[in-house]
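Input: structures, listed below.
One chain, chain A, links the two complexes that follow: it is found with chain B in the first and with chain C in the second.
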Partner chain A sequence: MAFGKYKEVMALKAKDAKVTGVAQDGGVVTSILCYALEQGVIDGALLAAKSDTPWLPKPVVATTKEEIIAAAGTKYTISPNMSAIKSAAREYALDKIAIVGTPCQIYAARKMQLYPFGARHIADKIALTVGIFCTENFSYAGLKTVIEDHCKVPIESVTKMEIGKGKFSVKGAKDVAIPIKETHKYEQDGCHVCSDLTAEFADISTGSIGTPDGWSTCFTRTTKGSDLMKKALAAGLFEKKEMAEFAAPMGLAMLEKLETGKKDKAKKTVADRTALGLFTTPGIVY
Partner chain B sequence: MGTITIAPTTRNEGHGKFVLEVDDEGIVTKGFFMSLVLVRGFEKFLVGRAMEFAPVATSRFCGLCPPTHATASSEAIEHSLGVSPPAAGLKLRELCNIGNHLHDHPLQQVLVLPDFVSDPAEQREALARIQKLRRIGQHVCDVVGGEAIHSPHIRVGGMARNISEAARRKLLDDLAEFGRVWEDQRTFMEYAYDKSDVPPGLGAHDLPMMATDLIYGRSDVFTREYMPGYSEMLPLNYYGEEIGTEACTVIPMLNGSPVEVGPVARLRKYRKLKDTGTMALDRARLVEISLRLERAGEILEGLDTKARTLNKPVIKGTGRTGIGVNEAPRGTNVHMTCIDDGRITWYKAMPATMWNIPVIGRATEGFHHKWAQWVMRAYDPCISCATHVIVMHEGEVVERRTMAPAGGYNG
Partner chain C sequence: MAKPKIAYVHLSGCTGCLVSLADTYEKLLDILGAVDMVYNLTLADARDLPEGKIDISIVEGAVCLQDKHSVQLIKEAREKSGLVIALGGCAATGCVCNFSRGGQANQPQHESFVPINRLIKVDAYIPGCPPAPEVIYNFCIAAVTGDTQYLAPFMAQNVGGYHCGCDLQVNVVQNSLCMGCGTCASSCPTRAIEMEFGRPSFNNIRCVKCGACTAACPRMFLPVAEIQKKLMV
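Up next, the complex of A and B:
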């Protein structure tokens, strides 16, 4: 079944200009977290915030709307958000923590909830997981190389990056788009065995694939995620469109094509590694 | 005339044993209490390890009172190096310890409950209250120490993290809830103690007492007032060959006598308490919970959550003996160490129950042996903590030996 288990899929665009001004696409993550915080569903969130180094994210425990908005926007590199969970549960004394992460980070959160080794009295404090679509991630050095050596744009001048329509594009000192093929060799190797593009185990999953610029594709997967989204929609946080409006080859057809590509590549990489005699994780869900 | 043996003792931490010489009426004429917990050898394996490992390792003396050992460890090393934590770090360290006391003192009530409360419904209600109190105490330790059991934030030089403003307010709310539940529980325990049929004078003795602080613990008080009189005896010499071969703790003494440590010792010295004995100890613990609750509120009200909490030592060692003393729930806990080139060259610990073990035996004397465990439970002994290294020489237990580091005591 494509896209994992879900209750509803929709196209969303945040209405608050404060959010859309900083959002990557539809501002779904930022909006839903701000709403959840306001409503007391969460008392904090683990996010990839800006650091002193341009485009190098830093995992933070955000407890205010301002901090959530300040962390908006995709940084196409590794941000170990889960590493902040112990701080959140201990010296921040949070007990309703939201986790935002790539599919592998959502796996980590779910595993922690099932087997809380080294995480006593922590996993029970996870109140919400928001997954973001991911095809692959880059090391910071890799990202910098793509931007500065391939796009030839100084990284500190970059205001936005995007991966879509077969291109890696940056807006900065210059606006440059390069074929995504050029970035492949900088992908993190572990990403090639990953079979999850749409964050199939999050409460709410969202990303840009399948919807036009300024909009996000959004899955509600659990009762928790679905209830929260219904309330957020009722409160007028988003403009909503049906995914059916975006017919093939765009919309869900595009998402399915990329997802199938990722799962096939994962199967192949695992087969190649097994043939080499390397250890491969048993029981991967495709 | 005869000997009564109680082994293992019940409703206390660790494995204890009573050997009581009694007269024809069953009254104890000579009482011995000893630890049967096997020596674990912390003081041996710490030698040669990096100094940062000491609080981590010594936390593992015990799962009930880890903060006291991590604290005493850290302070012994700080003392040896000549460093001290920033003010906020000291406050947080005290608060972490108080969180621990606020779980550990109520826990003793669980252990003595069957001795004083017979109605099962009342017992259940009391247990529910106690568990509420303990959850709050452990939560304070969780937030401030980074973990309720084995707090990683207690470090040489202070505390690894400060807490957030929201956490500070949350803890104040938690303590208010503790206060509400404690009001009911304290009243209940006082009533239970009032109507008990414990014979007056049970557990009273004329042994000296030691305390270094009302709540936190002061190394300088120990070094100045008590250390000069310190000596110790090996268990075989203290208990005699017939029963002493099983005992696993050295017998620490001041001026040749065992000393009592703990709630009565503290309140006697710092709050002019007059009573001694079993009921005095049980009641003193109730008073101590209230004192600590108040102090925790004081610390939180005045805490600067933006202040620095850790002064990481930059020097690697002076070779000087450092003494770290912390008033653990059960009494004065002393850790001593020498640091050279960032590594531990010598370590010794004299935890609270180590001091109290010989006292517990003596305190049973003069009363029927059926009261012996009541006497013991008033001390809330933590026997695992108490059990430390025995000195052997060529396979024989040495006749008399005082342990001292190579350079002598100059702390």
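Up next, the complex of A and C:
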């Protein structure tokens, strides 16, 4: 089944101007987290926030709306959010933690819930998982190379970056867009075995693929995710459209095409590496 | 169905694994209620394994090769038991016992401490120092209810024997599998792992060789079917 198991899929756009001003796309992650915090569904969230190094994210434990909003926007490099879950449970003493992350980080959180080898009284505090669509990721050095060597823009001047329509674009000292093809060789190789584009195991997953600028495609996948989203919609957090409004080749057709491409690539990578005699993760292609 | 007969065999370990089992709070009663505990030196006053067959022996601690009684006990546990489970780092990987070089009062001759699979065949391993109460609980319930799909990763033979934080480098990073999630770092009991630019950076001096980081890494195994069945509801 395309897109994994889900209950509802919809196009969303946050109404709160504070959120849309800073969000990458429809502001779904930021809005739903703020709402979950307000409603007491969570008491904090693990997020990728800005660090002192330009565009190097660092995992943070956000416990206020302001902190959640401050962390909005896509980071095109790795933020090891799961590394902060222990301090969220211990130092911050949170009982209801939201995990926000790429599909692979959702895998990590889900595996920890079932097999918490070294996570004493931590996994039971995961209250919500919000997944972000992901096609691939860059190491920090890889991202810097793309921006500085290929786009020829100093990374510290960059104010926004975006992947879409076959381009990698940055706004900074100047605005530059390069063909996405040029960036492929800097992708982290660990991504090439990954078959999950739409965060198939999150309570709620969202991303820009399939919807026009300023909107996000959003799946609810569990009862918990679906209930929370229904309440948020009833509370008027989002403008909502049916995905059917975006006809092929846009909309779900586009998402499915990219998803199939990612799954095929992962299968091929796993087969190639197995042929070389290398270990690959049991269960990773499905 | 008769309750399975369980023996809790305590070798050279700190009793932290037993404490972790008890740290499941009221859930401990589910476990104790589902089994017939026939031997547990720490909790009950019987010095020897009972006569006859035992369904499952849960072993905590490494075996000291200079301690004849321990060697004999682990052999006897194997012979009598349908299944032998290595609970926790010391039994499964040797853990902190790997560092022993003998010379300690009052048994200075006690020098060599090995994970139990050095001497006997082991059916399942639960790594960690100690393993989290929740993973012990999940394991016990799965064992009692025959949930083999859940148990499979514990039964992989590479989970036992010597482990180290270096495994992340050798098995995950060197196989181009790491994606920088940071789970290894939060699974380490001694905080020997920090994430640097999206990869585990490992401090060997802090590592107690418990095996938790590798077991927890989603790139070592990914339980997709289990996640689907148990969490996507």
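Simple rule for what comes next: the second predicted complex is superposed on the first by the 285 of 286 C-alpha atoms of A that agree within 3 Å, B and C clash if a C-alpha of one lies under 4 Å from a C-alpha of the other, contacts with A are read in each partner's own complex, and residues count from 1 in each chain.
Note that in this section a residue touches a chain if its C-beta (ideal position, glycine included) is under 8 Å from a C-beta of that chain, and two chains touch if they have at least 3 such contacts.
Fair warning: this is a prediction, and the values are worked out from it, not measured in the lab.
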Comparison of chain B and chain C by chain A residues contacted:
C
Partner chain in contact with A:Thr63 - chain B first, chain C second, else both or neither:
first
Which superposed partner A:Tyr92 touches (first chain B, second chain C, both, neither):
first
Looking at A:Phe117, would you say it contacts chain B, chain C, both, or neither? Reply first, second, both or neither.
second
Once the shared chain is lined up, is A:Asp52 touching chain B (first), chain C (second), both, or neither of them?
neither
Touch check for A:Thr222: first (chain B), second (chain C), both, or neither?
second
For chain A, what residues appear in both contact lists, the one with chain B and the one with chain C?
86, 120-121
Of all residues in chain B, which touch chain A in the complex?
142-144, 146-148, 153, 161-164, 166-167, 170-171
Which positions of chain A touch chain C when the two form their complex?
5, 56, 59, 77-86, 101-102, 104-105, 107-108, 110-124, 137, 139-141, 188-194, 201, 221-223, 273, 278-284, 286
Report the residues of chain A in contact with chain B in the complex, numbered from low to high.
43, 63, 86-87, 89-94, 120-121
Could you pull out which chain C residues touch chain A in their complex?
20, 23, 126-135, 138, 150, 153, 171, 175-183, 185-189, 194-195, 197-198, 210-213, 215-216, 218-228, 230-233
